[in-house]
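In what comes next, chain A is part of two complexes: it sits with chain B in the first one and with chain C in the second one.
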Partner chain A sequence: MEYLRMLGAVVWKDLVVELRTRERFAAMAGFTVLVGILFNYAVDPTVVDPQGIAAGMVWLTVVFGGMLGLGRTFHLEEDEGAFQGVLLSPIPRDALYLGKVVANFVLLVLVTALVFAVFGLFFGLSFGRAPGTLAAVVALGTLGFVAVGTLFSAVSARTTMGETLLPILVFPLLVPVVIYGVTATKSLLAGIPAAEVEGNLRMLAAFALAALAAGAILFRHVVEE
Partner chain B sequence: MSRNLRWSALVLGMLGTAGALALHWMVFFWVPTERTMGVVQRIFYIHVPAAWVAFMAFGIVALASVGYLWLKDERLDRAAVSAAEGGMVFTSVVLLTGPLWGKVAWGTWWTWEPRLTLTLLLWFIYLGYFLVRSATENPERGKRFAAVVGIVGALDIPLIHVSVQFFRSLHPPPVVLKPEGPTLDSEMLVTLFVGLGAFTLLFFSFFLFRYGLEYARNQMVRRGTPSEVPGLSGGLS
Partner chain C sequence: MEHPPESSGDASPAPSAWAPVADRRPVLEAWDLVREFGPIRAVDGIGLRLGEGELLTVFGPNGAGKTTLLRILAGGLRPSRGEVRLRGLRLRAGDPAWHRRIGVLSHQSFLYGHLTAEENLWFFGRLFGLTDLKERIPARLEQVGLLERARSRVRTLSRGMRQRLALARTLLHDPDFVLLDEPYTGLDAHAAAVLRGVLASLKDGRRTVILVTHNITEGLEMADQVAIQVRGRFVFSGQRCQVDAATFDRFYREQVEAAG
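Right, the complex of A and B next:
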């Protein structure tokens, strides 16, 4: 119980800071909408059927846009040694990591919802017959992405290369999320029944769980001095 | 570098080189030509042992990394980085020999075939391992970060394997490790095992040499040698 309260405090702090500054959300939201506009010119919608490539576009936009926000997970606290203060608090390291993951997850889910809404509007997509399953695919995929991204954001923030290192570390690891996320989204957008993507959902859940467990265990080795 | 270490590295290296020379003789003059694929199949005896060593090396990296984070023993970190460098060399061999064969057998240099994709991603995980190691001001921090990359990478490799398999498969199925037993001609099997043995010996020779090198570097850092020594922070130097 005490653990959850501490975890909640981290989530609350991060979300309040984000709500007041809106820095990361604004960057990610602006980025993703602009990518949508650029896609319109990169892929001629009169030649290519947007419905056919929408799943890939949506997921890659979320992954690229998410890099912007995830890369800055620890940015605010890097200034003036604020992170030392966080580390000195009696919060266990894994609760700190999980709190950061939850806050990032909330942020990324909002961004993903925006991407679906905007791309749906721009390219006239229909969201299939199982919006609930689609939401589950998005939620589990995002959770896995955020779990890996948050851990390596802590790593890259402490290197001399900074955020530029993050995609190189994270993209190879994200391949399962992209494969299962895109194939499931593609099937659902095409109106294939939800039961067909159950395997994908299980794999996305397995990835998210493994990533969360690994992150929670390894995070202490990243932040310790 | 201690005398014992150097001698074992040298002996392993000589045995490995002899094995590799024998392997090449066998590949070119001894082993029969495969019926359907023809001469190009002979690259298999280089390709498969290199792949075996590349993945074994990554296993060593992961185990040594877990040990390093747990026990904070410098020797384990040295083992991890030595295995990673050897692993990257053999991963590159796999990625070079694969397309050479693929161009003839599949008619294309590159295809999004699961095992190719997995090996390429493995190469990039190794790249991240070295980048993160050399991109920290504090070498101890770089070692810890590299260990985290090594562990998460090793955990992810099976998931990547399953997912790319799910995506599509075109690679020839296994011919040795399968339930019915090997379907290779006995001479082919012998050649393959000579390759496996030679490459494994070579890998451990590289490993020991690199281990000694890392040790020497650490000694220099400890004695306060100026940081002008090239590549002192470790990494791809």
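Right, the complex of A and C next:
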């Protein structure tokens, strides 16, 4: 119970700070809208069927936009050494990691919803016959992305190269999320029944679980000296 | 090791022979602490022995390794060698049981600027597993004279207020071992006086305190034991009652100059 209270406090603090600064959400949302506008001019719907390439565009935007936000996960922690104060408290490091993952997940889900809204608006996308399954694909893909991104943003925050290093570290590890996420999303947007993407869904869930477990174990080695 | 001229008493003890004030059971003990950063030894063979309710002031120039020593004692940094025990509990960096017993006040506040004073205390209170925060937070804010600013965001508070709030955070979980790292840095005379008053209340005979500072006057004021750290080592250590402030000050300056 105490573990969950500690974890909840981290989630609460991260979301309240984000709500008051809007630093990360504004960057991610701005990027999302900008990409939507650019694709709107770059893709000629008389030549290319937007429904056919939407899955790639959506995941590309989520991953690049999300990286902007995840890269700054520990930025506000540096002010006045606040994160050092957190590390001098008895919170288990895995609870600290999972709390930050949950807060990042909430932000990324909001950004992903915005991505779908923007692309839906510009390209008149249909969300297929199984929007619930599509939401599950997006949620599991985002969770895996956030689990990896949060861990590596802690790594990059402790280096001089910082945010430049983050994409180099994270992108190779995101290959499974992109492959299974794009494949499942493409099928669902094409109106293929949900049962057809069950395998992809399972792979996304397995990746998310493995990334969470690895992050929870490794986080303390990243943040402690 | 050199010793400063003393006002009275015997020669100052070497760190290895360091004893707490008579009749006080040792609470904190450290042996042969070493911390290396590559080829640099920030802490080099330091030993400590402090009794219940005692306050040790560690003086030293910039780069002497004082903050590194405090980070080790706070459980935030693993020593390369050596051992620390608090009431018999052996230090393992990151050990929750160790962190529950220690409060750390640094020249950085360790606070979130976008949260209010009471939100910061609530957050850190939760991290320490405290459940009586509704009663505890107002009491701590009152103790440091910030009850009226409970709902002010930290970034709107003055430097002195932030430092007092940081002290409230440090004492929130009622630690029995308190580490103070240059707590007066950046404070004006008034803010320093207010903070000094609150810090004086820490000398309640129950808490063991280590204060790190450059300021001889402030450091000697409350100390039971004193030490001078230069290039990672204690070049002097002894009981406060055995040293004269003026000669100690002169000796300290000589040590700092000799260290370059």
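Here is the rule we use: the second predicted complex is superposed on the first by the 225 of 225 C-alpha atoms of A that agree within 3 Å, B and C clash if a C-alpha of one lies under 4 Å from a C-alpha of the other, contacts with A are read in each partner's own complex, and residues count from 1 in each chain.
The definition used in the following text is that a contact is a pair of C-beta atoms (placed from the backbone, for glycine too) under 8 Å apart; a residue touches a chain by one contact, two chains touch by 3 or more.
What you see is a predicted model; the values in this text were computed from it and never measured.
Enquirer: Scan A:M203 for contacts with chain B and chain C and give back first, second, both or neither.
Expert: first
Enquirer: Based on the superposed arrangement, let me know which partner A:W59 touches: chain B (first), chain C (second), both, or neither?
Expert: Neither chain B nor chain C is touched by A:W59.
Enquirer: Quick one: classify A:G81 as touching chain B (first), chain C (second), both or neither.
Expert: Second partner only.
Enquirer: Between chain B (first) and chain C (second), which, if any, makes contact with A:F105: first, second, both or neither?
Expert: In the superposed model, A:F105 contacts neither chain B nor chain C.
Enquirer: Could you look at A:R20 and tell me whether it touches chain B, chain C, both or neither (first, second, both, neither)?
Expert: After superposing on A, A:R20 lies in contact with chain C but is clear of chain B.
Enquirer: For A:F119, decide between first (touching chain B), second (touching chain C), both and neither.
Expert: neither
Enquirer: Enumerate the residues of chain A that count as touching chain B in its complex and touching chain C in the other.
Expert: Shared contact residues on chain A: 224.
Enquirer: What residues on chain B touch chain A, complex-wise?
Expert: Residues in contact with chain A: 69, 117, 121, 124-125, 127-128, 131-132, 135-137, 141-142, 144-145, 147-149, 151-153, 155-156, 159-160, 162-164, 166-167.
Enquirer: Touching chain A in the complex: which residues of chain C?
Expert: 74-78, 93-94, 96-97, 99-100, 102, 104, 106, 108-115, 119, 122-124, 126-129, 154, 162, 169
Enquirer: Please name which positions on chain A make contact with chain C in the complex.
Expert: Going through chain A, the ones touching chain C are 2, 5-6, 8-10, 12-13, 16-17, 20-21, 76, 79-82, 84-93, 220, 224-225.
Enquirer: In the complex, go through chain A and note every residue touching chain B.
Expert: Those residues of chain A that touch chain B are 148, 151-152, 155-156, 158-161, 165, 168-169, 171-173, 175-176, 179-180, 183, 203, 206-207, 210-211, 214, 218, 221-222, 224.
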